[in-house]
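In the part that follows, the structures are each spelled out as structure tokens.
Here chain A shows up in two complexes: once beside chain B, once beside chain C.
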Partner chain A sequence: MKSQSTQRNLKSLLLNSEILAVVAILMALTFFLTTRGLPMVLTILVDFAVFAIITMSLNLETGFTGIPQFGRVLAVIAGAFAVGAIPGRLLAALMGLPAGLNYTIDTVQFQVSPELTAALSGSWMLSLLFLFICLVIAALSGAGIGWLTSRPAIRLREAYLGISLLAFGDFLMWVGHNWVPLVGGSTSVFVPDPFRIFGGARFEAVVIAIFLAALLVYAYLNRLTVSPFGRALKMVRDNEVSASAAGKDIVKIRTQSLVIGSMLAAIAGGLYVIYTGTVTAMGYSRLVWTFWPWAFMMLGGIGSTAGMLLGVMVLTIMRTLITVYRFEVFGFLMAWGINPLWLEFTLMGAVIIGVILFLPHGLVPEKVQSILPASRVNSILSKGFGAKLQ
Partner chain B sequence: MSNLLATENVTKKFGGLAAVNDVSITVKQHTFTMLIGPNGCGKTTLINCCTGILKPTEGRVLLGDTDITGWPTHKIYEVGFVRTFQIPLPFLGLTVLDNVLGAMRNSGEAPLKAPHRRLWLKEEENNMERAMAVLHRVRLDKHWNKPSHTLGAAQLKMLEVAKGLAAGAKLIALDEPIGGVDPASADEILSHVSALKNEGLTFLVVEHRIDIAAPYADYIYAMDLGRLISQGTPQQVLGDPKVIEVYLGKGATEAC
Partner chain C sequence: MAPWLATGLIYASALALAAGGITLLYMSTRTFNFAHASMATIGFYVIYTGSVLGGGTPYRYFPLAFLIGGLLGVICYYGLNRPLLKRRAVEITLMMSTLGYDLILLSVIQMYCDYLTFSRRLFPRRVSMSIYDFELLGVSAATIILPLVAIVFLTALHLFLVKTRFGVAMRATIENPVLAGASGINADRVYMLAWVIGGGMAALGGAAMSMAITGTPVLGMNSIPFMFAGAIFGGLHSLYGGILGGFVIGMTEYAGVFYLSQIFGPWVLGYRMGIPLLLMAATLLIFPRGLAGIPWAALVRNLFGKKGGIRV
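Moving on, here comes the complex of A and B:
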């Protein structure tokens, strides 16, 4: 009996996609660490962290609430543009430097930006304050844009809603590309660097900070969704009519989900531009900031917050493997007229198709379980209902 | 006894078809009021008009003294009027217990409160005790931890009733609660509803199976082709030639 169950446990362990994925991730990270060194691993971690926040925010709206969020890029842009446009200006104005509409013109940028970063790198206090203001501004602009999109979008259904959100996303990118005072139009705007104060350890510091931010968002979303609020989101997702008959205000709940999700995605956008140090409007394509998160989410398992971390990590590693080795390993494709440069984009499409066909619930399928811990339920049940867990 | 629910000349048209045609009914407080009639006569449509799922084309719906015509469904829930659906609409991604808990109120539904478990845990536990008691009544308590998509058709029907009973409303509209349920269980559910009535709740029950349900009713309305054709005590309505004709076909009255 016992050995039989051990055997079954072992088998299910080996077949468990979550555990397989974790093992593969650890192996790949070790491989990168030994062959390419720490910077490569840190790059993977920061990519992972930024996209993890975005994908978890997408999962809140799409996985939990059932909103077809095809415009994730919009909130990311809101955060990125806001951090590119506002905090630097505030600091410049404080220091008596050009901070008006001309702040984003490249000639002004080359003059002002080094002074701003120099000021930051002289003071821990100022750096920390600046970082904090960046995050607050990103969060507010994300929440604002989430609320705005919820107004027209909330009354639409499925396909129409998806298309509207997609259109909103592209709209803001083109505004940024064409209206110079926002983030420099076709040129970039620099973000004063609150991490420069770490000197030679700047890269490590910013990676750790963003990684911690992703973990915080994970913890927050877990607490937010394992609650009566999370249950209400799923009710709206599963059946709107029945949810409203159960007293749920559909419009309010969808709005709340859009506002919180957009706020988190905007924070990710803000962190990303702090990390890269620049904002370029055209960098915010829907391919990278909407469809990739969709691929991450579908692989991770729609509706499962932990699955998001796994999906993002697995695909970030695969993407890195491809970018690092595309010419060494896939160079032969050139002979067939396929440029390996585009392989990572092909990968995401292939992943979406593969997941739909072979892994429809993702690596970590959504668990249907009560919000109350089983122990508490059991202690209440023991008072008289006699139907315990197992 | 005062009126809890009243429809005043409610009409609902779908295109040219008047699915509900000038129907006025009242549901008195602490009664079990029944709505009967053949399939397609407009019973569900009338309930939908009362609970904000549909807007009546004409007429008014009053809950107590409040005009609730055209209110959104969740607002009607707020003022103490809930309904269940003839075709169960479970939340498939939730457990049986959470389906019922979700139909109850918990302040942890506010997103600012939700992350702080201690702010809503006590409420959730109190709700759970009530939810389990209701599930026990409809014989689903043993299945509390199952995903609702694993339930069979009759069990889903019971879950739908449980959601309605648990919501803490003063008026509950049950749309064919015992359709497809075996007679013994059906009797049990109806006697539970009867007991709840004696505790102060009010029920409007749409039912197809008059034989089982009528004995529990205080007052019955009968509809046919969108119109009210009869009303009164069970004896009066079931003895009304117009009702017999609708149920047994033309000529039945003479044959009797």
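Moving on, here comes the complex of A and C:
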């Protein structure tokens, strides 16, 4: 009897998609580490961390609150542009360098930016302070854009809201592309590098920092979603009428969810900008910063925070595989002059379709949580309510 | 004719076709078709390939563009939309599934461009289709032909919906699928036809649009917000509303940018996409369900003195 149940446990363990995915991820990472070395693995980790934060924030709004957030790029842009435009200017103004509207013009940039980074690489204090200010500015602008998007989100339903958010994400990108004082228009703005102080270990340091940030966000969201607030979010998602009947302020809850989610996404945008060191407006397309997080989220399992980590990791590794083996495996495409990198789009599309058709709940399906622990429910039942029934 | 008006007419006709397709698909299958983007781009590449390799004017290849768009629609219906509709998937899932299809089509388009560049020594990534155009009555032919194409196509569609048995069946299914099914109408075939017409309209729209703006592999990708804006502006509950919405959105962009740049200077050009979006946002804020709150179709009918009939 006992061996039978162990056997069943073992079987369910092997068939469990979460565990299989984790094992596959670990194998792939080891494989990359042995064949391509540490930098490859670190690149995967940093891609993973940035998109994990964005996908988790998307999941908070879409998976937990039921808002069709097709404008994720809005908040990412808010964070990225703010970090590109403001902290560098502040530092330049402090040092008496040009910090006005002309700060973002490329000739001024080439002159100012090395001086700023040199100043940062001289002092731990200044670097830390600068990083902190960057994150605060990103968070504030993200919260601001989240609040702004919450205004239509109260009135509009479903697809109408999704399309409006999508359109305004595009518009913000074009504003950045055309208005030079923001982030340099069609040229790039350099972001002073607070990690330069690590010298040769700069890359490792920035990867570890962003990875830790992703873990922090994960821990925070995990706590948030099992809190009364998290349950209120799900209540609004599942049935607005019953939520408002239970005394929940739907407008307030949707607004809070959008503000928190956008803040996190903006922080991810800011961190990404600090990691790459430049901001180019046209790099913030809806394809990469809205649709890919959606694909990650759907693979991971909408409504499960742990699933987001798995979804992002699995797809990041698959994308890296395409990049690494574009000549060895997909080289036959080169005969017609086709760049195998386009397969990345095919992969994303196929993953979205495959998940919708064959794995509708994702790798980690959302677990139905009872609001009270079973022991509490039993004790309540045995005391009053249950006694009457008997 | 002023240049902005000429280009604006072509662009607006293209948007009217595309937005009409989106509205038709939404009304019949509840699907917001993201794949409209790549279907439109494919329409453009059909007429581009035809004009470059086959010769002749681009207009010869418009029927082919329609057919290929329709074929892509059928593939989407049978491969993706039908199983999901049977499962009673929610709107967002239907929308996301077409996004997946769109990304696959986008990669196919990009690969096709690579192929044309490498194997055929062409430059398909920045194309100005107007160089294949000819002059008619003192203006470029597209200014006259494309609005005509749009009008003829939409009239044919209207006649099909009103005069033929299948068209009536289609309207009945859109109006009330359960009742239509009970009276023996095959909803499956109706949806398939909606995808044929919707996909074809997307491809036609993309082909027409490339006569007004630079054709790139992301032509549809960049203009899909406006197609959606047109459909939403029109209210999503009336095919004619969607067509009108697309036309208004397209014309507003060109007229608005022309007059604003006269007042504020040429820098306005960079923010042109803000104009239709503001129009859409304003409409949505006043009527959260789009212009469906206003009985557009009834207004138009009253305008022409027609009464009765089923609203499509």
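By our rule, the second predicted complex is superposed on the first by the 364 of 390 C-alpha atoms of A that agree within 3 Å, B and C clash if a C-alpha of one lies under 4 Å from a C-alpha of the other, contacts with A are read in each partner's own complex, and residues count from 1 in each chain.
Criterion: a residue touches a chain if its C-beta (ideal position, glycine included) is under 8 Å from a C-beta of that chain, and two chains touch if they have at least 3 such contacts.
Remember, it's a predicted structure, so these values are computed and weren't measured experimentally.
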First (chain B), second (chain C), both or neither touched by A:349: second
Touching partner for A:331 - first (chain B), second (chain C), both, neither: neither
Contacts of A:250 with chain B and chain C, given as first, second, both or neither: first
Touching partner for A:223 - first (chain B), second (chain C), both, neither: first
Contacts of A:158 with chain B and chain C, given as first, second, both or neither: second
Partner chain(s) touched by A:287 [first = chain B, second = chain C, both, neither]: second
In the complex, chain A residues that touch chain C: 68, 152, 155-160, 162-164, 166-168, 170-171, 174-175, 177-179, 287, 291, 294-295, 298, 333, 336-339, 342-346, 348-353, 356-357, 360
Sites on chain B touched by chain A in the complex: 51-53, 72-75, 77-78, 82-85, 89-95, 97-98, 101-103, 105-111, 113-117, 120-121, 124-125, 128-129, 132-133, 136, 141-145, 147, 149, 163, 167
Interface residues, chain C side, partner chain A - complex: 26, 32, 80, 83-84, 89, 91-93, 95-97, 99-108, 110-111, 114-115, 117-119, 221-222, 225, 228-229, 232, 267, 270-271, 273-274, 277, 280-281, 284-285, 288-290
Residues on chain A engaged by chain B in the complex (per definition of touch): 220, 223-225, 227-232, 234-235, 237-239, 241-250, 256, 260, 303, 366, 368-372, 374, 376-377, 380-381, 383, 385-387, 389
